[in-house]
Each structure stands twice: as structure tokens, then as C-alpha cells.
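A, B, C and D are the chain letters, set down in written order, and residue numbers restart from 1 in every chain.
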């Protein structure tokens, strides 16, 4: 499974990983804390925002996307776009069914 | 490898879509279902998986730095953390089976119709749900089992590869410059971690106040 | 040869006598839909002719014998733009036109006469308000908007009447509606067009369109003795609904008189209109449809009432606002006020839409 | 046809090159364990021909049954199983892998001047997965069949049938992996393995088309996989996700299913469009008119392809708002196809056209695909969709696109590249006859179905009202002719393996890199790695090249 042939020695120091690790642990703590607050609809938004930040950290640093090729960045972008379409359009249908005919 | 992970994203994406819709429709049932899940266990699992992801990242780094024993140690740590994660998951599953929260013919609504009978529900301060709402908790548990099950399946596959890698790493296979396999496996393991990062708040942490 | 030819002959004769390119137009919407259909056919034909002409004439003009050396041409932005924009424009016209018709078909007029249809493997069951039941057939009058409220007991079916140009998926667990106004008396095909299992192709029937007078006669002759609402009343009593849903001061449930068609505020703060679909949901999944000010104590009737039962209950609640008994017994036939049937020409309903309430729902 | 561009070497002296990918290694194992993309392409070709004829035989049974209004040849449940398996086999085991699996595997690396695909082992794995899936599907068919229709509509497929749904689902799941692997491989190959000088806009349009299709495969297939997994879980455990009695929404399944299965239509047709671009350019000796427009329309189709899936569900109770949005987007996706058709037509303009078999198939494609595409508009327009959906109109529509479009393109490609694959020409006259027979048979089979659909005959009916019989008889008669049209190529192509004329390197005088090497090619494709120093479809470059060769020989 090789797709970047221009594989470089990823010399990012383990310090980055430690930082990411700590940030992720903090994220877990934060989500648990946030879920105990009563924020109404914002609960899910806050929780998802934290989750996306965490995922972003992992993707960018642990998975080296930040230093990855343009192709990788593009394809990740494309994938999230398509995923967004899937979730968004299905939700559009299911939510708007309740709106009645007009 | 990235492209392969993207297919995985779409695979789980389908599940998340289903989850989003039902959560939107049957929110009270999802809250009650979520309260049946144990935050300490789920939280501990989060920590475990994040740690294993960390050790995996270190493993990649050690492989590139050509430090064999450190690499093997990190891989073993990753593996052990994975085993513990699955063990805890197994305990959680076992509890659900005993309470008949596994969807299907034996599904029981007791904890939701009559929360007083269930210490977990009492602890969460759940009120009794009307029967029709309670029935929707089955959907929650369906999705819970489907999503965590798929996730666990990915972990089991990953740990199979991990075992193979430990074996090869001890023979010095990855510390001679060919680190790509370790690196790609690392991507896979991080992906599994990311899925859990989303699963944990979405399943365990619905409306805990 | 001598054996084959009579068969062939028969075929040809049959074909020539029965030949049709499209089914009879027997509803008000049919000519409108056919107009769009022929518009698209026309556009397609023109498009096809252009392509065929281009290919044929280029093939003749520039075949190798006549034109041994090809001239390399890069392309032409102007031409590209032409065949991007013209088709796009045409497609957009079709889209708007199609959408208008779509909403006409699926937005019933207010004064439509309601018939319930239950689909199950593998038959259609139609229930008229007057209690007339039909299996695999549907009798409707001409000149009157008929709204069908459809539901399936098991799998997806699809209620299709080609002569009316209407079709609607019949879904388990949810009412769908479609309406039409028949114009030409006759007997037409009724198909299930969504594959629904082994005997899918047997799930067919007849739609009988009658003149209003004949329809009255038919209603009178095929009544089962009790109207749908009366069936519903019986069920209402046997399920002891009235124990809570009554007009007493200390009633545990809201009174249902006049509830149909009214705007309700739910316990969740949502505003909804109590229509058929809402009533059905409220019977089967009550806790999500609690009216403001009441406790969620109503048990679910999921699995205890058949779809026909739910329909009867809905119909009963619908008629609670008035002295329905009098109405029903005197006349299932009064359901056909000749004057009203023509009052609101069907098609115009969608064009002048009343302002919507979508903002209020779903905060 | 008096004029032709075919230039064959002198038959008395010409020999098939001794060293080529077919002769390099021998024995069954050398085929079964090969990593050569060309051999894998041949494996795909053989196995999918096998599946095509099984699917075709089932189609024959369907048409025979529909000869009479009663269900007399088969009982209704048998008929249901037959059309289900026809759909499953034709779609998942023939159409989806056809052009990418056989022609794409074989020629895509050659066209970009690579010596193999980027991931040869994965390529072989994808063939094994394909075979595993295919055999599992056949096994499911033999041990009782499945009668849900290829769409597996819930709750019918989850609660109301007792047939091999899970086995068939598993077969499709496995085949899905095969198609993901192929797609992955193509994307990586196109990005990483292009020859020096092969810039993006020098790639043949066939490569562009396959690239677009690969994106769809990679991103769409997993969603189908999860839908199938959920159906299987529902059947085994009763998890209720699609069960209305438990609060599930059966429509959600259709959302997930069509999220893959609509783009799948483009997975099937896009590579076919790529073939047509190659063929039309070659036989009119001209660069494809508006190369960039055609290339980008492929990508546009791929992107828009993801937006339109719910037009399969207009009458199924999705919300009116969703209908509006999806109908509008469907109109947009029709435009790139129109662009392509017109560009192909204008490629002919001032060309120098000859009418060999591939070109005849390409003309057939253009006519039939135009009809197929336009009838798609009838179904994308929400108003007419109400009347026409779920009838024979839709059956005719997608057969025009899939069989009239895709299969014509596949046959065009097979004939076009046959000399390159085998080193021998197919017999020209009889193959032209086959092309014409196919075209006539096809129209006779499927055109009456448009009328049947407009008249309202629903699809998937084992028996039907007698007034529809005459058109059905026409259709069945046409199917017989069509069957002959498909059998002929198999016969004469096999015949040509031994007796065909020796083709030489470039019988069509085409410009693609694949034609600049020997036929059949070496295992490593090119003796020296090629350098792309000209634009795609540059016939003047080819002329110069020939002159140079002549000069150097002297």
C-alpha cells in the first residue's frame, strides 16, 4: 500500500505526539464535563466541536496530514465533502418531512 | 492507504447518518438509552485508546529512529492497551446482555418503563418513560451495538496485524529503513481511535446533566 | 408458415385495433401531465434528430473517400457554451413545469372526499367513509376530487392508476396521500407497482369511475350497515378511550371533539395541525404527541389495533365535531354535494398557496 | 465499406512476437498467481463473459415468460427469483466491473506509459474477491435463490422473504470490496505512475473517465456495504433500524442504498464513455472536439452523481422539499452528458471517417445513449416521474443506458483493442454484421418497453393484463435477435484467436501509447519506458513518427 513514494523521514519530535496526547486527554475530560452542563441544543454542538478538534489533531499531526502531499489533503477534503452531502441531504429529507407539504 | 481510510470513513459515515436521524427523531429514548452506558468505563476506554494511539505514534517514530527494542515495547504496549479496551468493552456488552438490552426478541424495556428497578437508571435520575418512547431505546441499543461492534471488529483486525508486526519487529524487520508498513498501520490505528473519539460523546454523553 | 401466419395476422389485427401510445386520460391531472410528457418527447425528438443528423451528415461528408485528410480542430468555446446553456435552459423549464405538476398531484384540495386504502400482501382494501369496503377495486364518482389516504400493513406497495397518471408509494407505518378528480366514467387498471413479494403481479384491481348518480346508487347498495365512524365509535368504546378522552372537568386526556383540523400545541412546545397522520401517530406513539397541559399517561396501541382499526378511529375522531350520527345514517350519499364538487377547480389549489407554517414547526 | 484505415503488416512475413505477456510464463498457476495487469484483465474478461451469459440466460427466461400474459412458463416466485438474479449478476458482476475490470486493467497503465498498476497484488486480490463474490452469488442462486429484487427494499428484504438474502448480500459486499480495490488502484496509478511528459491534460479521455469512475467506486461503495450490513443485522438479530414497527424508517435504507446505487450507474457508464472517446477519435482521425470539456464533464458527472440519488424515491414519501432539491440537481447532472454527446458528434466534423466495427458500435452507442439519457430526464422531472416510475418505462430507460450505452461501448472497446490484446484481428465483415444485428435487436427489444411503460405496465410483473401482450411479443422477438447479436462475437472472437490476421503494432493508426508497442505487449508493456512528448490524439505527431521510422530504416 504505497502511495507516497516521496516518503520522508518524519522527524517531528515525539514532543509533538506528547502534546497531541495531552490535548486529546484534555478533550476527553472536556467532553465529559461539557455533557454535564445544560446547554440545550448546544450540548451536541459543543461535544461534536470538541470531537472534531480532537480528530483534526490526530489527522494533522499523528497521521502527518499536515506534511502530507496535496493529493492526500485533497482526497480527505473530497471525502468529507461527500460525507457532508450524505449526512446533510438525508437529514434534509428526514427533517423537512415534518414541515408538511408547504 | 489514505484512500482506503476514506472508504472506511464513508462506511462509518453511513452509520453516523443513521444515528443522527434517529437521535433527532427519538431524542428522549436516546437520552434514556445513553444513561444506561457507564461513563467511567467509556471514559476509561477513551483514555486507553488515546494512549494506545500515542504509543503507536511513538512506535512509528522509533521505527524511523531505528530503535528496535523501543519499537517492540511500544507495539506490545499498543497491543496490551487494545486488549484491555476490548476487555472493558466485553464487560459492558456482558452487562447489556444480562439486562436484556441487546436488541431482538429478548429485548426488555424494564429499565426504562420502571427505572426504579434498575440502579443505573436510578443513579442517572431517570424518570419512567411511556411505553412507546421506551420502545425506541431498542433503536439506540441497535445503533450502539452496530457502531461499537463495527469499531471492535476493526480493532480485532488491527490487533491481528499488530501481533504479526510485533513478531516481525523482533526480527528487526522495520528498523532497517522500511518503516512504511508500520507507518500505514499507524494511520489505521489512529483512524480507529478517531472513530472512538466520535462514538464516545455521541453514545455515552447524551444529556448527562 | 401457414400455421404461423394466422397467429401473426391475429396479432397485427389486435395491435392495430388496440394500438395506443399512452393510456386513456381519465382524470383532471392527466392532460396536464401529458402536456409536459409530450413537451419532453418533443425536446427529446429534436435533440435526437440533431444528433442523428450531425452524425449522419458528417459521416457522409467526411468519410475517408471524400475527405482523406482530417483537419485538426481544437474545439470551440462558443459551441461548448451553446450546448451547455441550451440544454440547461430546457432542463430547467422541464424542472419547473414538472415541479408544478408534482405539487398539484400531491396537494389535495380541501373539499376532497376521503377514501382510505390499506395495502397488504397481496391485496388492496379500500374503505369509504360510509363504511363501504372494497377489495381490489375502487369506486369513485366523476367530477369530485377524491383524496386517498394510503397505508400499508407490511411492505412497500405502490398505488398506481395509469389512466389517472397518479401513483403513490404505500408505506408501512405512515400515511401517504394522493388525490385525483376522475373525468371519464369507465373501468381502469389499478396496479401495485412497487415490487412487494411473490404475488406482486396479482395485486391488481379495477378503478371504476361512475357518474355521480351511479355512484350514489352504488354507495347505497354496497353499504355494510355501519359507517366507518360508527365502526370507530365501537372501537373507541371497546378500548375505553372515553375513560380519559371526555368532556368532564377532571378528564385525564383532552377532549377530542373538534380536535380534527385544529392547531395544537404539544408538550414539547411544537405547534402541529391535527390531521390524519397526526391522529394515527398519537394513537400509536402517544408520548411523543402529548397536548400541552396533559400528562404522558396514554399507553401505546401499537400492535393492538389493526390499520383498519386505526382508520376507523381516525374517522370517528374526525366526525366528533358534529352530530355525525345523524349525518351518517341519513346519508352516506350526502357526501356528494353537487355544487361544492365543482367549487374549487382542482388545479388552482397549488398555484395560490396559503402562507406556510413551516417556521413554527421544528424550532 | 471501401475505405479503411486498417494497416496490417504483410501477412506472409508477419509473426506474432515470440516474447509477449501471454507466452512469458506458462501453466495455470502462472495465470492464477499473476500480477501482470494484462493477465488480470484477461481473467476479468473471461470471468465476466461467463457471468454475462448467465445473466443473459436469465434475461432470456424473463422475456420468454412475458411472451404470454399469464405466468405459465414459471410460477410467480420463480419469476421473481429470476429477475432478481438477473439484476444482481448483471449489475454487480458484469456492468460495474466490465470496462474497468477488463479494459481498464489492461489498458489504463499502458495508456499512461506505466509498466503495471501501482498495486499489482491488490489488483489480483480484487479479481479473487470478484470471483468469490460471483461464485457466492451463484451458490445463493442454486440453493434457493433470492426474490427481493436487486434493490433489496426494506422491509420486504428484512422481514417478509425467506430466501437467501444474507448470502446474496454477502456476495455483493465482497464484490464491493473488489470494486473498491480496483478504484483505489486506478487512482493511485493515475497519480503516481504517469510516464514522463504525461501531464493531466495529455491523458487519453479513457483514463479521465476511469479516474472519475474510480472516485465514485471508492467513496460510494462503502455506503452500500454498511446498508447491506444493517440489512443482515436486521435479519439475524432484528435490530429494528429499518423496521417501522420499532420506529425505524425503511426509507433510510433506500437513502443509503441509492447513495451508492445511483453513482453506480455512473461507475458503469463513465468508463464506457471513455471507450467511445477513444474510438471516435481514432476512426475520424481527429483530436476529440473540446478535449478539456469532455474531460471535465466526466469529473462533473462524478461529482454531481453524488447529489441526485433521491430521484429514485420521488413518490416514496420523501419530503417535498427534498424532491425539489433532488429534481433540480438531477437536471444539472443531465447537462454534462449532453455536452459529451455533442462533442463526440463534432469530433466527426472535418474528420476522415471510416466505419470499422468499433465505430459502428460507437455510433450505436451515441444513438441509444441519447435516447437513454433523454428518457432519464422524463424520470428526473418530478411531475412525469409520478406516472412513469416503477413501470416498464424505467426498465427501458436503464436498459438503453446500461445495455444500449454501456454494453455497446464495451463491445466497441473489445473490438477496438482486440488486436492489441491478442495480436490478431477479428474478422471485419461478420463483426460489422454483429454490430448491426445487435443494434436492431436492441431497439426491437427495448423500444416497445417505453410504450408499455407509458401505458402503465408495472415492472416486475410475472403476469400482466392481456392488452399489453403485443408489445411484449415484439420485445421478446427482439431479445432473440439481440441474443444472436451477442453470441456472434463470442464465436468469431474465439475463432480469431487462431485464424485471425496478424495485427501488427498499430492496426488502427491510433495515437495512444498502448499502440506504440508490440501486440500483444511485453509483460513490462514497453521495451523502453515511453516519454509522452505530444498532446493526446495528435495524429500529426503520429504521421511524423511514421516518416521518421521510414527514414531511419533507409
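Methods note: contacts are C-beta pairs under 8 Å (C-beta built on N, C-alpha and C of every residue); 3 or more make two chains touch, one makes a residue touch a chain.
As the structure is a computational prediction, the values presented were derived from the model and not from experiment.
J.: When the mean CA coordinate of each chain is compared with the mean CA coordinate of the whole protein, which chain is closest?
T.: Closest to the centre of all protein C-alpha atoms: chain D.
J.: Looking at chain pairs A-D and B-C, which one is connected by more C-beta pairs in contact?
T.: A-D
J.: Taking the mean of the CA coordinates per chain, how far is chain C from chain D in Å?
T.: That gives a centre separation of 37 Å.
J.: What's the distance between the Cα centroids of chain B and chain C, rounded to whole Å?
T.: Each chain's C-alpha centroid was found; their separation is 45 Å.
J.: Starting from the mean Cα coordinates of chain A and chain B, work out the distance between those two points in Å.
T.: Centre-to-centre distance between chain A and chain B: 16 Å.
J.: Hunt down the residues of chain D that sit against at least two other chains at once, touch-wise.
T.: As it turns out, chain D has residues touching two or more other chains at 187-188, 219, 223, 247, 249, 251-252, 255, 259, 317, 320.
J.: Mind pulling the chain C residues that touch 2 or more other chains?
T.: Each of 103, 106, 285, 302 in chain C touches at least two other chains.
J.: At which residue positions does chain B touch at least two other chains?
T.: Each of 3-4, 6, 9-10, 13-14, 17, 21, 25, 135 in chain B touches at least two other chains.
J.: Using the touch rule from the top, collect the residues of chain A that touch chain B in their complex.
T.: It is residues 1-3, 7, 9-12, 14, 17-18, 20-21, 24-25, 27-28, 31-32, 35-38, 43-44, 47-48, 50-51, 54-55, 58-59, 62-63, 68, 72, 75-76, 79-80, 82-83, 86-87, 90-91, 94-95 of chain A that touch chain B.
J.: Which bits of chain D are touching chain B when the two form their complex?
T.: 180, 184, 187-188, 218-223, 225-227, 229-230, 233, 237-241, 246-249, 252, 255-256, 259
J.: Of all residues in chain B, which touch chain A in the complex?
T.: The contact residues of chain B facing chain A are 1-4, 6, 9-10, 13-14, 16-17, 20-21, 24-25, 39, 43, 46-47, 50-51, 53-54, 57-58, 60-61, 64, 180, 183-184, 186-187, 190-191, 193-194, 197-198, 200-202, 205-209.
J.: Would you mind writing out the residues of chain B in touch with chain C in their complex?
T.: 129-133, 135
J.: Provide the residue numbers of chain A that touch chain D in the complex, in ascending order.
T.: Touch list, chain A to chain D: 1-3, 5, 71, 75, 78-79, 82, 85-86, 89-90, 92-94, 96-97, 99, 101-102.
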